[in-house]
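What follows is a single structure, and I will ask about it in a moment.
First chain written, first letter: the chains are A, B, C, D, E and F, and each begins at residue 1.
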């Protein structure tokens, strides 16, 4: 080994210019999309919902502000989101968030990976699980059930035309009910939609997500 | 040219066995998905909505029956669908259906290509336009506006991670407003969801679509 | 469900501008390709062949007119086409047309999907079968034999380098002879050629195909 | 640099076992495909043609022997091949062979790369040109004309659905006539067919090709 | 909006079973790869190097332990790594780490994304920049220089055969010297190697990386 | 068969213009890359190494001249190359070269296919084996061991994220040790690096390779 070579060193900001760079997240809480759409006056229901978000989360997720230029669109989005992610299901909330992130990883959606990666970390209490869902779920140590669930969700994302009876049968053998299969498909489908709305509009995640549950 | 070769002939069923084959659509109005989920009792709103479908279309679209195992899921789907496809927009209803079919073509979704292909034929009065959206929209003779719209929607479908400011700028130069861009993204996103729910469940289109507006 | 939303309605041309659009097929019987090549004087054999087409089909398929700028090229094409699609084979004529459409679907060839989609509908008497071959053959309810045949033909189309002994063995186990395997390969190969000649020249299908056997 | 490491050495067969390996081409002149199809009795025209091959080339190309189980199929293939590759055209014979190899490289067809790679070497007198067509035509130093020709042919091979007016216009600007564009498309199309027939049947190239024109 | 639906709530571990799950990183500091290779006795140079790692970083990066079954392999790796990432270059150390992560994102390499994602966060002082390199560098707000650098590195990763003079010229126009172009290529190349060694062996990142510089 | 058609003929340079074309390899021994980097003064160790190359091979491989603008980079490259390709291993030198070529075929790297294709021909004594590694290793008649080795190496090249325990287990079942698996991964990884450095710089192979061991 050539010993005139550089030594390992703790990485540190190497140049003044770089030290002075603005955070990539500097505007993410104010300029939420690349489209110049103004928030509409909230309906009473939405105003109440935003208040609850502030109260419980400490902020309103930017995706909601992005949809807020049109109340019927926002209400439809919220209704579908809450049903899929929070209503009773054979899938735990963590499992639904794992699907969200694994799908968003295939689609490389910055907004959804940041926001739902944080949710996986928080719900699991395991920061590494969040990273694995973002980076490559195949490297995670998962139960057969959860592995089958994510294999189905990501195949459905990448090549939906190739899903067949044998894929559904694999889920049944892993213990999923007919309703569970629907829920896996519906959550995977929902993030295939959200990923695209977010990417099409350059939607930015609330900056607070980055540090959550690390 | 070897003149001992077979002559051209009007194609006709060539074998008894093939003549006797059941239509591929034989069960499509009764076995709507591959999942054994039973329809729930409809809410009053849904019952009224189904009645209106029967009255105006002559049938209830199978996608609605597929979601009918759970009323909140069906209501959320209907609310989002109706807002996206029927509410006022800078995109005509035909344009929204063209996006639906072009996206479904990328994803090769049998249900959506059949159902929304019929809608393009009906709204345009041009059967060939429906076929072009199903087969390859690039072969259609489109206005620059509609071509830009479909280029964006299909790129967003196939590689959502690669959409950038330049793509949005192309839409603006083709005459689309900020709100129009949202609507293109939202419709494209919605069918990326629906295509996957349909493919995951082997959802079958109502058989009546095949012959409509030919 | 928000009941101030639009109601379902039978789709109908929504705007005067759209109602007035010319059919996409308006010029397809006169401007057959994007290349300015003039038809040559037909040889006697070709003149007789075109007469038989008119007599039996009611028209000369546009692909023949496209090749007619050069009689030797047209004769070679007709000889190969007639041998492959009409000569005796262990594959029925319908099966050969099914391969034609499934291959053309991978390649998204407008001409071949329209022309041979019509042939599948006519030969099978089942419009839905034609649609399935165009849209996604995996969604069709096929015999194991026909499914194996189309799996081989589409794999050969999409990734020819990956065909190996095990693929041929799968065909043998599905009941195909050595000669049948050749015929599947040859028909799939032929449409991989035709799809590309058609796409390279923007070849347009005769407009009459759209309504046939619906 | 660690100087206890192995030194560079002229590569030489390293083990007895490897030295004794049979040539990969050992059976290629006798077992021509993986299908057990027997050669049929040749027609007079084919017998004369095979004699001329022996006389001029010193052998009958294996692709002809592969088709020889059925005389009409062989005659149709020969007629189309000879027209495309040898009849008068605005493309030189070398250019047609360059298309053959560049297309076969996309499809990774062993038979066609060996046989037509040899033809490029022989016709050009430049062994490196043959290697470049096999390995990556983009690394060759080509005229703008030939580069445009190969860009079109390989795009047509890899994603035929995406060819449009702008692609044809690029060829025209590079000096190609309408007829030349047809010929580029037809040659590219033909090898998309032949590549697949060869791959589907594991067709083996005559062993003599390997050493030709090196 | 259906107001009987679930309310937003701060995500929290939802089930006892999930709360009790072991961290995905539990064994990552002890079982470093899936191969049962034992560390060899370190040479003096390597022992000293590992001591410096412990001193400056607080740990020995697992990639070094993975290579430590064979001292010459480890020394060659360390020599190349240190030259590429730490020796003087027209690229800052942060820029070299940005390339490392953007390349590893294309290849979805868990080890490299975790370890070098942490380096980007540390060197830039911007956690969001690290996330962007992992998730989708196209969503970052980069200088033209850095964007051109990452476009080249990721194209070189995904389709190396398509790099041509025009790609190098784009880098020159963005201000890069001939030597800088080499360095971009060499760093991108190095992580294309490391990503594959890590993925092939299921290499696990030191658990400490996850929380660094958040 | 139309007998007025052209006859087969031994391919020969068809036009004066083409006969006069310069060899594609004309400058390959003098202009080694597209970057204007000058060779640095060699260290003593490198000067000795180059002398040995001249002595044993008859030339210095161009890749070494390409790296020679910077001695530490060249020394690091040589150290890693010699360890991987020449040091003791459970893989024979031929097997390591087979991996080099099969990987370079996926990446379509002109330099590496030419240089290492020659090595496979020389080490095996079988020109056809070299061609098969370049063109499509799946068409070669390989032992189960070598086929498993190349399947792993090319999967690792094309989709490194998808390698899992089952892939490693397949290697073990084919007789490979833990250390052998490392070596397969390390050689495949190394050429994924070298392919990219070569493609990024348009590195040209020494012209002498083309005719070696044919």
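Methods note: a contact is a pair of C-beta atoms (placed from the backbone, for glycine too) under 8 Å apart; a residue touches a chain by one contact, two chains touch by 3 or more.
Predicted model, so just to flag it, every value in this text is computed and none were measured.
**Q** Give me the set of chains touching chain C intersected with the set touching chain F.
**A** Joint contacts, listed by label: A, D.
**Q** Identify which chain pair among A-B, A-F or C-F reproduces the interface of C-D, meaning that over half of its contact pairs, matched by residue number, are the same.
**A** A-B
**Q** For the sequence-identical pair chain A and chain C, what is the superposition rotation angle on Cα atoms, to the nearest 5 degrees?
**A** It is a rotation of 120 degrees, to the nearest 5.
**Q** Mind checking the centre-to-centre distance between chain D and chain F? Centres are C-alpha means, answer in whole Å.
**A** Their C-alpha centroids are separated by 22 Å.
**Q** Hey, how far is the Cα centre of chain D from the one of chain E, in Å?
**A** Those two chain centres are 42 Å apart.
**Q** On chain A, where are the residues touching two or more other chains?
**A** Only 1-2, 5, 72, 75-76, 79, 83, 87, 108-109, 136, 161, 164, 202 qualify.
**Q** Quick one: which chain pairs are touching?
**A** Every pair of chains meeting the touch criterion: A-B, A-C, A-E, A-F, B-C, B-D, B-E, C-D, C-F, D-E, D-F, E-F.
**Q** Would you pull the chain E residues touching chain F in the complex into a rising list?
**A** 34-37, 69, 72-73, 75-77, 79-80, 83, 87, 107-109, 152, 156-157, 160-161, 163-165, 168, 178-179, 181-182, 184-186, 188-190, 192-197, 199-202
**Q** Where on chain C does chain F make contact in their complex?
**A** Chain C residues touching chain F: 72, 75-76, 161-162, 164.
**Q** Taking the complex as given, what residues does chain F use to touch chain C?
**A** Touch residues, chain F against chain C: 2, 5, 136, 138.
**Q** Would you pull the chain C residues touching chain B in the complex into a rising list?
**A** Contact set of chain C toward chain B: 1-3, 5-15, 18-19, 21, 23-25, 28, 43, 45-46, 49, 52-53, 56-57, 75, 78-79, 82-83, 86-87, 92-94, 97, 105, 108-110, 113-114, 118-119, 122-129, 131-132, 134-136, 139-141, 202, 207, 210-211, 214.
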